[in-house]
Amino acid sequence: MSKRKIRMGMVGGGRGAFIGGVHRMAAALDGQVELVCGAFSSNPERSRLSGEDFYLPTERVYGSYAEMIEKEKQLPLGERMDFVSIVTPNHVHYGPAKMALQNGFHVVCDKPLCFNMEEAEELVALVEETGLIFALTHNYTGYPMVKQARAMIEAGELGDIRKVVVEYPQGWLSTKLEDTEQKQADWRTDPSRSGIAGAMGDIGTHAENLAEYITGLEITELCADLTAFVPGRQLDDDGNVLLRFNNGAKGILHASQISAGEENDLNIRVYGTKGGFHWRQMEPNTLLVKWLDKPVEVRRTGVGDLYPTATAHTRIPAGHPEGYLEAFANIYRNFAHCVQARLAGETPDPLLMDFPGVKDGLRGMKFIEKVVASSNSKEKWTKF
Amino acid sequence: MSKRKIRMGMVGGGRGAFIGGVHRMAAALDGQVELVCGAFSSNPERSRLSGEDFYLPTERVYGSYAEMIEKEKQLPLGERMDFVSIVTPNHVHYGPAKMALQNGFHVVCDKPLCFNMEEAEELVALVEETGLIFALTHNYTGYPMVKQARAMIEAGELGDIRKVVVEYPQGWLSTKLEDTEQKQADWRTDPSRSGIAGAMGDIGTHAENLAEYITGLEITELCADLTAFVPGRQLDDDGNVLLRFNNGAKGILHASQISAGEENDLNIRVYGTKGGFHWRQMEPNTLLVKWLDKPVEVRRTGVGDLYPTATAHTRIPAGHPEGYLEAFANIYRNFAHCVQARLAGETPDPLLMDFPGVKDGLRGMKFIEKVVASSNSKEKWTKF
Amino acid sequence: MSKRKIRMGMVGGGRGAFIGGVHRMAAALDGQVELVCGAFSSNPERSRLSGEDFYLPTERVYGSYAEMIEKEKQLPLGERMDFVSIVTPNHVHYGPAKMALQNGFHVVCDKPLCFNMEEAEELVALVEETGLIFALTHNYTGYPMVKQARAMIEAGELGDIRKVVVEYPQGWLSTKLEDTEQKQADWRTDPSRSGIAGAMGDIGTHAENLAEYITGLEITELCADLTAFVPGRQLDDDGNVLLRFNNGAKGILHASQISAGEENDLNIRVYGTKGGFHWRQMEPNTLLVKWLDKPVEVRRTGVGDLYPTATAHTRIPAGHPEGYLEAFANIYRNFAHCVQARLAGETPDPLLMDFPGVKDGLRGMKFIEKVVASSNSKEKWTKF
Amino acid sequence: MSKRKIRMGMVGGGRGAFIGGVHRMAAALDGQVELVCGAFSSNPERSRLSGEDFYLPTERVYGSYAEMIEKEKQLPLGERMDFVSIVTPNHVHYGPAKMALQNGFHVVCDKPLCFNMEEAEELVALVEETGLIFALTHNYTGYPMVKQARAMIEAGELGDIRKVVVEYPQGWLSTKLEDTEQKQADWRTDPSRSGIAGAMGDIGTHAENLAEYITGLEITELCADLTAFVPGRQLDDDGNVLLRFNNGAKGILHASQISAGEENDLNIRVYGTKGGFHWRQMEPNTLLVKWLDKPVEVRRTGVGDLYPTATAHTRIPAGHPEGYLEAFANIYRNFAHCVQARLAGETPDPLLMDFPGVKDGLRGMKFIEKVVASSNSKEKWTKF
């Protein structure tokens, strides 16, 4: 069977949304995914208008994810959607993910995975049972220089890892933005839609995922101090965490949405016995590699000897900056490749079998749970 | 008539090519353009294989651009391609562009426009006659912060412009790469395919275009010193140029492909009576704005008060880096918008009627001609 | 009485020492201090040779600090030293400081103040009793942009402070350097000369001092995790600390000497309700000031409207970088100014009455004590 | 004979001057030079007050350089000044330099050397005749990373040099500052005190000196376009120059004092067949070294294997930034070392026999002459 584009049905992401557009661009970039249907909003009229924006036929713009999954399932295999992309607020991840899996559709889901540990464990079990392909868009691990960093550590270039500092400062919630019309602020600060954590759930989980992905280590204990600085805010907008890892390494994780003037400055420094590195999401094509007594090396996308995984996640030559959407697209490209291989009965390229999945989602939910518990505890260390 | 995706037929860009892939990704990103056919290679088998890569039906993968234009023209209007995208080496721009225009197709063409002034003038005349829409992918003007910089100057924020320094250093041709299998180096250093200039044609024209676009000024005189440093190379791989502008401003333009270790460091500094700025392509979301006696401001995509044109060319929030492909996509998005408006009989959004066209291409060809003439002359100043 | 240069007697800082040379250069830079005598080494021959290096008369090069203080005291007032500069390892701060104060000499002392809290409290009491002038060389607060940052916060420009992140990563002790001949590593890792803390005493105290100086806040609680990563090392070479401040602000302090590849990257970020800033010691003439929804400002030494204190601690125009020695010299210059004023019976310029003193030293000793206690405790928070 | 501090008499540099203070701090820093006398101003009262500022005895503060040279010459050898430091505006360099040399005093002179080629040649001849030591404070070559860069090229690490880009943008003369009380602007824009060039003389000569020093090449031809942008200004405040070097390398030099918002951004890029580098005065402890297909290396003062000359011009460990004054002091330190060696009848350390001299001054004067001539010429190339 010859390959074809993979067909995507989207849940959420209608007019006014942010992350839905990101998913659509990321899916489109490499020409491997086609948007064929969607339930873009809980408001049917908004869903319909959104469908027009994307040039979809009216009959494939649905009023709800349930309707979409049911109706699509009835279409012939060569026509119906291959997977569901879930881009709703946190409290509407679990429902469509579960239903999609139960009906044989692969899933791409925005992070965090869901609302609590119970849901998370159920989804993990479902993915195992069904054998379907599940991608969670911890997109920051899609950058080529993150792949390079991970490969360097895996190959032992930095020696034994001793210290990890991962930071995710933003400033956009420095004021009570949720009291304005701002849709993104609104649900993120609302426990009924966001869950038990604010900044820690929204961006702290990215930091946790990045730290574990890049080092190959696991956090075993943590000590957290979360704060809701903006008066009247119900969820944390800042958190500082001490970390301990399974190999004895120590670390710091802090995430904040009240770091006034910061944009989206996710960054990580890792130090081992032989060397260290610094990677910053806002200048993602650069990886500063530091050595005990040699000059710092500026490793750059597309320059010199990089690990195959870095090269496999780069599209254009050195000095032509790739950004957030390209990293995000790497998840879709890899996911699409695996779905295509599945359809074709082939083995996927191992370099492309690399995207965050449901277990990363479970770990993220656990991180949220533990970090909130630790912050409320007088005990110094909370097991992870 | 409701809007629909615009249909693209591609000339060139088959397996092994570089810029074709860039055009495809740029066209796909915003979901406004659909690749429907192509003549991807002068080698029919390679063209066919490339068509498969893009999941095109066999019958719309053609053996030559002439065949493509003829056959597509015979398809019904709701099905045939709307425009031709030309991504071949320089010597194969003129032919398909002319034939496309003569047959009623809009055109997107890679730069430089063509091979010499005669061809350029003919294309300008054809575009005027036919009234068709023509975009030239001087992609670097697609960046939001370039738009911002242009708007700042237009609004007089920098005062009268006095000095312009535009640089385009690369290092990838520091050795005789054309003697290896490297396809990009091969045709770029060959006068029969590249034209009378090497680095000056390939990247010097980008620098010239950026300087004139961003300042709104015109170069009136120049003094050039071009060199082919690599032994045996026929075309310039480095050039230094003094500039004079129509308002009395002075400037420097240098472009190089033997600046060892440089990636793709196009950058421009402009200084006026009130302030100046620095923009670098490799960190494109930052515009450093400098004032006479105030702190430097770090203007960033998505942060604070920007001109509407900057915002109109930005997709995602501050701190989520957009890169080369997004800037390139801005040309396709704007071009597609104008074609859609044409089809719908509407007036395009003025903010989106902003992409380089055939006259920029003519100016680029003239720059090539003048800079080569100046380099060969003992006269200090060559009129532009 | 007309002003004159102030006369310095030095304890420590002979051949092979590091910080002694720094003190001498810092003292000399502004032409206000003259080195007139010294006890440069516990080894009399090395002391003598060092005296020759500094062109001192043989009779004023002493075999011990005790001898120096006794002999100098017998010289006439217009000739004898005015103050003692103590540049020995930590365990030899208390002795000479105490004796100098008891004999009427002003003191400049390297940090940390001494060996333990008892000594520290005794020195504080002695300074109060004698009324003598005491400077502690927490030199990093001598930088003009640190002064500017402090003044901005004091003036309320950043609003209420919410978060402080202060870091001091170094990598030079990543290996067991103390087993080689390296003199600096040797005593710093030895509890009998360094005290109960390693990295935390040597550089953590700088971080603590900088954070409190720049914000005007006090740490009230901390939670620390110190580690000796290098096998066989007795004192911490890395520490991560959560902070709470007296106004409700939260923070992070980490200091490390095993962050492989880091030079001396002391830096601080402070965020308030209105804005934030970032200052880095390794690029000290730049202060990045961040605002809620305005471009980042690059405040620079010598550029635009700065607070008088920033200007008063700058020697040369914008773009002529001042560095570590100039910041260090600001302490000596201010100290010398105050001693001169004392001698002349004048009131010092308030802008220059700004250097760390014995109470900063006491606070540093307390920080060492608390951070070690916290690290050994299972309690989450240790009162400071 | 045992070594002693070298005694300096200063011409110029009284209250209100800029560069005089720099010379005094640079001379004092390393404890090798002692200011013993001066003629600090053409105004005797200002000279006297300045002498008080420096704690000099009244009898050694003179009303003119001529008086100083005459009187000092009559003092016994162990007491009188060893050298004259000339820190006056350009038109008062030649007089005191000549007289100092004729009376047996070594000389440190600020740049440019003098007023015209005749004076310059006379001084060169005088230095040769007398054998006295003459240092010209082209201070930017005093930075350790400039030494490193020069040593790298000398050792062939970059291969054959092909391209040099040296820039010296400042913005402080963007307005007619000379019409205010600003003393620095006043004489620099006045042909009767500054000479035939403005920006080109003041800072262009630094750029020329740096380019030749660092590459070891000589400029053989140039093509200049100088402009006085500020209305009513008599001397150039901006200049753009194409360069050709004696080995076939090409280059660009531009210097400007109307580049609004620039501080003092002298920087140089050099590219050879094997690699290139970039050095910036405003971040002087960093040298970015670029290679054909390897990561950029961040060479830093004090880190890793540096050439002995870099190490010999560094005072403090990595990460403790040294700046402008330290580089300036390197000239004084080296000069003092050579004078001490002369006095002691010893051979100086070859690493320290490295400071700009009278011949660099002659070359700078020639550069001024040629660049002005070229700018006035219709010929493309002017021989240098």
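Letters A, B, C and D name the chains as they come in the text, with residue numbers starting at 1 for each one.
Following the convention adopted for this analysis, contacts are C-beta pairs under 8 Å (C-beta built on N, C-alpha and C of every residue); 3 or more make two chains touch, one makes a residue touch a chain.
Keep in mind that this is a model prediction, so the values were computed, not measured.
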Query - Chain whose Cα centroid lies at the greatest distance from that of subunit A - result: D
**Report entry** Winner on C-beta contact pairs when A-B is weighed against B-C
**Finding:** A-B
Report task. Let me have the rounded angstrom distance from the C-alpha centre of subunit B over to the C-alpha centre of subunit D, please. Result -> 44
Requested in this report: Would you kindly tell me how far, in whole Å, the mean C-alpha position of subunit B lies from that of subunit A?
Outcome: 34
Report task. Please report how many Å separate the Cα centroid of subunit B from that of subunit C, as a whole number. Result -> 55
Query raised in the report: What are the residue numbers in subunit A that touch two or more other chains?
Result: 262, 289, 296, 300, 303
**Report entry** subunit C to subunit B touching residues, read off their complex
**Finding:** 288-289, 293-300, 303-304
Report summary line: Per the touch rule above, subunit B residues touching subunit A in the complex are 2-5, 18, 21-22, 24-25, 28-31, 35, 52, 54-55, 170, 172, 262-265, 281-284, 300, 302-303, 315-326
Query raised in the report: In their shared complex, at which residues does subunit C touch subunit A?
Result: 158, 162-163, 165, 167, 169, 171, 174-175, 223, 225, 227, 229, 238, 240, 242, 244, 250-252, 254, 256, 258-262, 269, 271-276, 289-292, 296, 377-381
